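This is the structure I want to talk about, given as structure tokens.
As written, the chain order gives the labels A, B, C and D, with residue 1 at the start of each chain.
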Amino acid sequence: MATHDFEPTHFHVTIGSHEPVLRVASGDTIRTWCVDAAGNDRTGASITRGGNPQTGPFFIEDAKPGDTLAVHFDRLRPSRSRGVSGQVIAPQVVDPWFVRELPVRDPSGDWWTLDLERGTARLQEPPEGLEHLELQLDPMLGCFGVAPARGEAISTATSAQHGGNMDYRGFREGVTVFLPVFADGALLHVGDGHALQGDGEIVGTGIEVSMDVELTVEVIASKEIGWPRGENDEFVFAVGNARPLDQAVQHATTELLRLLEQDYGLDYRAGSALLGQCIRYDVGNVFDPAYTMVAKVEKGLLP
Amino acid sequence: MATHDFEPTHFHVTIGSHEPVLRVASGDTIRTWCVDAAGNDRTGASITRGGNPQTGPFFIEDAKPGDTLAVHFDRLRPSRSRGVSGQVIAPQVVDPWFVRELPVRDPSGDWWTLDLERGTARLQEPPEGLEHLELQLDPMLGCFGVAPARGEAISTATSAQHGGNMDYRGFREGVTVFLPVFADGALLHVGDGHALQGDGEIVGTGIEVSMDVELTVEVIASKEIGWPRGENDEFVFAVGNARPLDQAVQHATTELLRLLEQDYGLDYRAGSALLGQCIRYDVGNVFDPAYTMVAKVEKGLLP
Amino acid sequence: MATHDFEPTHFHVTIGSHEPVLRVASGDTIRTWCVDAAGNDRTGASITRGGNPQTGPFFIEDAKPGDTLAVHFDRLRPSRSRGVSGQVIAPQVVDPWFVRELPVRDPSGDWWTLDLERGTARLQEPPEGLEHLELQLDPMLGCFGVAPARGEAISTATSAQHGGNMDYRGFREGVTVFLPVFADGALLHVGDGHALQGDGEIVGTGIEVSMDVELTVEVIASKEIGWPRGENDEFVFAVGNARPLDQAVQHATTELLRLLEQDYGLDYRAGSALLGQCIRYDVGNVFDPAYTMVAKVEKGLLP
Amino acid sequence: MATHDFEPTHFHVTIGSHEPVLRVASGDTIRTWCVDAAGNDRTGASITRGGNPQTGPFFIEDAKPGDTLAVHFDRLRPSRSRGVSGQVIAPQVVDPWFVRELPVRDPSGDWWTLDLERGTARLQEPPEGLEHLELQLDPMLGCFGVAPARGEAISTATSAQHGGNMDYRGFREGVTVFLPVFADGALLHVGDGHALQGDGEIVGTGIEVSMDVELTVEVIASKEIGWPRGENDEFVFAVGNARPLDQAVQHATTELLRLLEQDYGLDYRAGSALLGQCIRYDVGNVFDPAYTMVAKVEKGLLP
């Protein structure tokens, strides 16, 4: 149960079977940090190319294909007081005939001042009508995952069974994430901190910020899962990543049925009866190449 | 501000420009009831063919094409102590290769006992592992709407700009719904009561039940909206109905941007900055021919 | 086997259980004409509102729900020498980020001169680089169908199991179309002539023109089909109408499998082996609310 | 203009920046061969793992990111007289409620005898009703491409801008394919021979066979394209790879508009007028993770 402090020096814009930067045991904790999505560190300095650069990969001893890697997000904290977001809703998120009515996007984005003590964010130059706006921080990781199967190296712009750029608000401090292991050591990558984010990441960003991260990892041997799963105080959940969103719904719902069978002994008949009246869906992102849908159910309803 | 008690005697399985059953003024309240989705009344007797039969239509004086009809759901109460739900998750909601692993559906469904005093539901014959399950009632209307444009008569199996079979949990007591008026008198139809429902209506039903309904209607003259909208204590929201779900997202997001401009004076630039970090999506249904997505934002964040 | 000449005087912009304009027997031929999609007749005069106005409905004696109506397109001929098309590809047919790069559409459209003797079309004001362009006419009907089930009246903007606005190039002279009968008399509607059209109807129109139409109808009693089907000299085909196009693929492919079983005695195992290596897909439209996909197979390959 | 004979000894199941196996100059010809999709060679021996194993990559001198690589398919010939196909239409290609009606798939597949002299294929054990079936061979490559951007290594199960598993019947002998270059040397991979294939690859395979391949490559410097393009005697075409098929339509149509501007000087206004009435769509595959749509136009219509 060691704790490792790790200072990253280079970053990856694919998630794949890259050279591990650190080897840890199941049960260990890693304290490290991530640049923001554009490659800027806590000082705002650009230290690597943009595109959700990842810290890692971390090699978890004994993790083998067919296992599950549990990752507990012990601590996710923005490491600077300035974040940036996209200005305009992405064209694929509005009606096609409406695209021309959207304002033109200034690529420099909207800058936000983060009050890390009070846990709030304010726009530095609010558009008219938003002068009053003060939002509660809700820090999360947009992109993380393990090396995919078959030797793939998948762009950190997108997501799949291995995780990746899911941009789901629920990946916040306190959650435990479960990832299917496809490569020896699992090879965990983390990055893309958001001080907060709306559902869908519809402007293409949350409030992008560098992040201090503390994670505890655990190998669950010989437990095979199909898609990322998670658990927090209230819910168990399953994630589907695909386009269209309908297919993400299919992946997430199927995986949640399997979770109920594997972890709670409910067959698909009982799972159907329960989920039919009790399932909740959260939209992760509807911006990235693969969209993300989360299917969840209250733990209090489970046997 | 009259209150009308209306006893339905026949029902419609399309929403269209049918003969009105009652004429009311803007501001009036209608007290009536609906059969369940299968056409059974409060005694359980089958009194009309199934398929979300509608009570109405109600002609609201002075409502004209180009207006908006506000409908406040004053009271939605199940009118009997027995409801039914589908047994198995629909094949389009799971992975195609998983369809064969689903159990075979018994078309008689799962029956629930509703304790209307305590506000709870229990399965009459729970599958193994669900013996403990007691759910809180959360009554809602699955299908309602106004006569569509162009003389269309649209099946109550599906939904569009006029409303219809949206199967959204948020259409519960206390909400105010806004519908675009396409025909003189608006011609409001209501039906398809659910004692409660999961997100997505993934077994094809909520807990289907006959319902006592009390509604107050109001005409908002010369206000043109594109899709159903709503408001409750916490949120304003806009609804999109389409397949794939991605297109429902487009409709709902576009309509919410327009709502923010019409009702709160936020232009699309300000609307983008706000929604980018604050939008929330709810899944209505992913079962009917048109899927339903709801885009919403907290009223407390608005100017 | 009578031949009926019918002069339309009013037109419908929904396909539904409207009052029949003519009653004919199975085996009879109807000679009539259609206005163009905008409601203009052979003289170019606007005689009815636009939106694919339909001639009909024709009541075919003895057609009952559960039957199939065969409609042979004996003759489809443009009835004037001037047609019009949309100018710009629809925004939903290009990448969302590309929408702004499209030119702005002039709603008056592009006008074409039709040489009905030579069977060709030329742009009256060709954009630079298209001065040479002379196209072969290939007349077809964009929108036709029978009254839908359940008393629906469906907009002629869209399509479903009953037919409707499928905008498929293959609905040309010489084809036989098969439609499922949902209402007594079938209630056949026809309209929306195109002098020619590209796949997908991606500018929202073909070359829109008024049309002289000759049809022979035949009732196939007690043959139940799920979707429109067709046959020409070379192929048998099945049509699916839905969004996304993936769902139209599902409907068309399923219906073609059923056609092979019903009409040629191939079970789904044989149908799979045949279609797996021999199916051909045609795109009908990717513009209307429901997209259209056609699945077909060469008759020469069938037992 | 050298001709290189290359004997592969190992194969890749991702397309990525792997170690080149041969360096050739622009204008050179490569004669080589591919195992079939399952990793079997011309003798039927399994020599590598399955999943569309690729021969290559070939490094083309002087090819740089921002260039286009032209690949002429000089010769594509099955190298053995036995091929295999999937038995049953994939569940995602039929209606969800129809999936259970499909027969159960025997994973050993349907075997075909290929008469390479006569150019025909016959089922070795035809299902009833297909005893007569003799198909014309139409050999093609299902999967090929260049190293993607950003260091990605993309599974040969799927496709994207770099090419990949497009499974399009039009990639046959005589076509010239154009691929965007993302990495120095382009790094061309080829594999997945089909003796013939239906549209959509709806049973998950064509008639899978090992293949002798002869290709001539040419670098087109400083010509940037977005998606694979192609040209044969009759058509120019552009390829889109995505799900849903609607998005593949968007990619292909946008790329064809750009092709018309880059290669024929037609601006988007002229391109719209031409494609609106003349575009043709071909379905590549509707089986793989990314579906493939091809947009094309007759060369005889171009200025």
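Operating definition for what follows: contacts are C-beta pairs under 8 Å (C-beta built on N, C-alpha and C of every residue); 3 or more make two chains touch, one makes a residue touch a chain.
Source: prediction; values computed, not measured.
Any chain touching chain B that also touches chain C appears here: A, D. Because chain B and chain D carry the same sequence, their contact can be compared by residue number, and over half of the numbers here are used by both. Rotation relating chain A to chain B, from a C-alpha superposition: 180°, rounded in steps of 5.
Taking A-D and A-C together, the chain pair joined by more C-beta contacts is A-D.
Distance between chain centres (mean CA atoms), chain A to chain D: 34 Å. Between chain A and chain C, the centres computed from C-alpha atoms are 47 Å apart. The residues of chain B that reach two or more other chains are 92, 96, 243-244, 246, listed in rising order.
If you check the complex, the residues on chain C that touch chain A are 90-92, 96-97, 99-100, 244, 246.
Residues of chain D that touch chain C in their complex: 85-89, 92-96, 98, 101-103, 110, 121, 123, 126-130, 132-133, 135, 196-200, 202-203, 205-207, 243-246, 249-251, 253-254, 257, 264-283, 286, 291, 301, 303.
The touching residues of chain C, when paired with chain B in their complex, are 13-14, 16, 51, 150-155, 242-244, 246-247.
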